[in-house]
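Below is one structure. I have some questions about it.
In this document, chain identifiers A, B, C and D correspond to the written order of the chains, with residue numbering beginning at 1 in each.
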Amino acid sequence: MAEDEAPKISLEPSKTAFVFIEFQNEFVHEGGKLYEPCKASLEKYGTLTNGAKLLKKARDTNCLVVHCPILFEKGHNEIGPNPYGILKGVKDGEAFMSGTFGSKICAEMEPSDDEIIVKGKSGLCGFSSTNLDFLLRQRKIENLVLSGFLSNCCVESTMRSAYELGYQVYTVKDACGATDVDAQEACFKYNFGMFSVPTTSDVIIDSIATP
Amino acid sequence: MAEDEAPKISLEPSKTAFVFIEFQNEFVHEGGKLYEPCKASLEKYGTLTNGAKLLKKARDTNCLVVHCPILFEKGHNEIGPNPYGILKGVKDGEAFMSGTFGSKICAEMEPSDDEIIVKGKSGLCGFSSTNLDFLLRQRKIENLVLSGFLSNCCVESTMRSAYELGYQVYTVKDACGATDVDAQEACFKYNFGMFSVPTTSDVIIDSIATP
Amino acid sequence: MAEDEAPKISLEPSKTAFVFIEFQNEFVHEGGKLYEPCKASLEKYGTLTNGAKLLKKARDTNCLVVHCPILFEKGHNEIGPNPYGILKGVKDGEAFMSGTFGSKICAEMEPSDDEIIVKGKSGLCGFSSTNLDFLLRQRKIENLVLSGFLSNCCVESTMRSAYELGYQVYTVKDACGATDVDAQEACFKYNFGMFSVPTTSDVIIDSIATP
Amino acid sequence: MAEDEAPKISLEPSKTAFVFIEFQNEFVHEGGKLYEPCKASLEKYGTLTNGAKLLKKARDTNCLVVHCPILFEKGHNEIGPNPYGILKGVKDGEAFMSGTFGSKICAEMEPSDDEIIVKGKSGLCGFSSTNLDFLLRQRKIENLVLSGFLSNCCVESTMRSAYELGYQVYTVKDACGATDVDAQEACFKYNFGMFSVPTTSDVIIDSIATP
């Protein structure tokens, strides 16, 4: 089914959580260790602007807001002594280290005092090393609206797990970012439709009635 | 690091499992419901030939052999009444139904009597609805060699989970298949290196000394 | 809160699953390998009679019926070569071996053709090596009614996991059995109230309106 | 097998983690909200003294030290609006609230700067809402030495999950505590041997050669 034939989305706030994945300075601002490679995708999609619009809408409609940062203590001891793959890059680059500028959630997406911040994310999937599923199940959340970084890494892993866990998953393409625009567009094209309803920030914003 | 600079792989059989994902007729033989779209990728990579070579090597060297099919009972009641995404396609198409030709593991990869067949796979990730992790942990397996179908769906989900679970994951690109060659090559290019050591059947076969 | 002050339970069938844990001959009938030690508890509580009453009620009211047996292939290769604890007993005793009398679900609780039988249970918790959570989430089940064997082993592990997974868990004490009446009563007294609403078959049967 | 016939335990430090579960003031010191009910068990077993001896030994032998506290933000929003069971007690009692005396790990067990503190524990099992398994797998840990609080609640849930995850689990009975001595002794007697090797602090201390 083409997206323009998609049935209208309508989300009930009490059953809906917005999960904001790694909107951290490391990716989105000058001085962040992965800002340079992310810049093209941030600009092409307007990721930050759209992320902030989603956050405002979620707050205005009393949807559950969940911030999901990735964090490591100094020394990155959460990762083993001989890593490979993406965690090797994270450890070698000392990225997302607690207390640094890079690890902070960016000003545009700053959590308010009563919002939930997921704990324990030492890996890629938002569920596998965290209390995210626990938090969502405690509130009987059925719909997940996913956005953030990186489209084909943590967002995609979180989407894949969320789908298997039985959530109704919405992925907001224009509120995601990646270190490579082609990588982002490949996962949108080939993978996101298998494990979610891929959509845009405008569609999501229209899908919830403001009270 | 380019793959041709990759350090030599050396796998200890007692700590190594070959997980063969969905080598079922549905994907690989005439009459299978997804054979037509998979044909191009099967031919380009020689998936079945390479899968069979891996299976022989695993047997010859006493590595753990694990077959991981996806199966549904008649009615596909394992999937809910209003599915979306890839599970909707599976249910609507009555694919992988227990007892049918399509759901059988193909002759080239037929399990021997003492080999383990993973149970419970109603979803995409090889771990999330199955006893796969249980079986591997019982044997203190550290290395996983993954191959099968579909590269960007079940193989990729299994790879992503295996990586987070701390396994040393090897993905055998020329023993995988997909419904779209471009989708397959996009996930190889952008995603497989983050969550595994992408490699080929020849490299894996050379990595284990025949006793 | 004492149980006699407990608020009335009222279960909505479309959100309620009855999970029948290991009602297999091994525990409940002459010839079963664990029948002798279970006999006292079966007789004291009327486990089988009450289990069958629950099953009938679940069917009459269109609640989801889920059978959750434990099964091993000949050789018990699902369990590692050097087990300890309860799995050592299972392997040494060749219990719950596929195809044997002992592994069969007992006649009183025989699944009908369209009922779901959980797959992959090689361990104790009904969730950890199976597709149980997948099946329940696909149907948006919120209430779990647990009964079966052994009260302080698989029933208790399943209850503990179900509670953390956010289900509203009901444990039916008089439809459970154990190899030791004192063990059963200790877990009822000290543990079941922390992770479930402990109750009885009569209360559960009254909690659902027959359509 | 009686414990006095148990084979000698010998633990290799590089594969061994000591997981200290909830050695927090709430349970162990005057002013802690659960200190009064825990007092009898603390005194009978010498829990704190034995816990501290284990911690010293783990440090002296370079075993992995993992502290596993339970923590909630002000408001206990990690727990849903209508909890039942043990989480209802935690929320109603505002126990383990971040920043309070009660939530702090007690002075006797204070983590050193380079020791790992598990994150995300909003539930009972040490694995189910945390990064504990991730941390252990990253270091290829095979042996878990468990101690802490409460014997029949979080320690038991963690033990049950650890066993299914394939770890070799040791439970140190005289370094555990509970709100009820009878509850503690019932779980030791009936349940701990199914899912672990129940032992004592002296035996564990003797099982690791000081370098």
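By our rule, contacts are C-beta pairs under 8 Å (C-beta built on N, C-alpha and C of every residue); 3 or more make two chains touch, one makes a residue touch a chain.
Not measured: the values here are computed from a predicted model.
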What chains, if any, are shared contacts of subunit A and subunit D?
B, C
Taking each chain's C-alpha mean as its centre, the one farthest from subunit D
B
Is the C-beta contact count larger for C-D or for B-D?
C-D
Cα centroid separation between subunit B and subunit D, in whole Å?
38
How many angstrom lie between the CA centroids of subunit B and subunit C, rounded to a whole number?
33
When centres are defined as mean Cα positions, the distance from subunit C to subunit D in whole Å is 28
Residues of subunit B whose C-beta touches two or more other chains:
80, 123, 128-129, 133-134, 138, 140, 164-166
Residues of subunit B touching subunit A in their complex?
80, 84-86, 123-125, 128-129, 152-153, 156-157, 160-161, 163-166, 168, 180, 182-183, 186-187, 189-191, 193-197
Taking the complex as given, what residues does subunit A use to touch subunit D?
73, 75, 77-81, 83, 114, 116, 118-123, 128-131, 133-135, 138-140
Residues of subunit C touching subunit A in their complex?
133-134, 136-138, 140, 142, 164-167
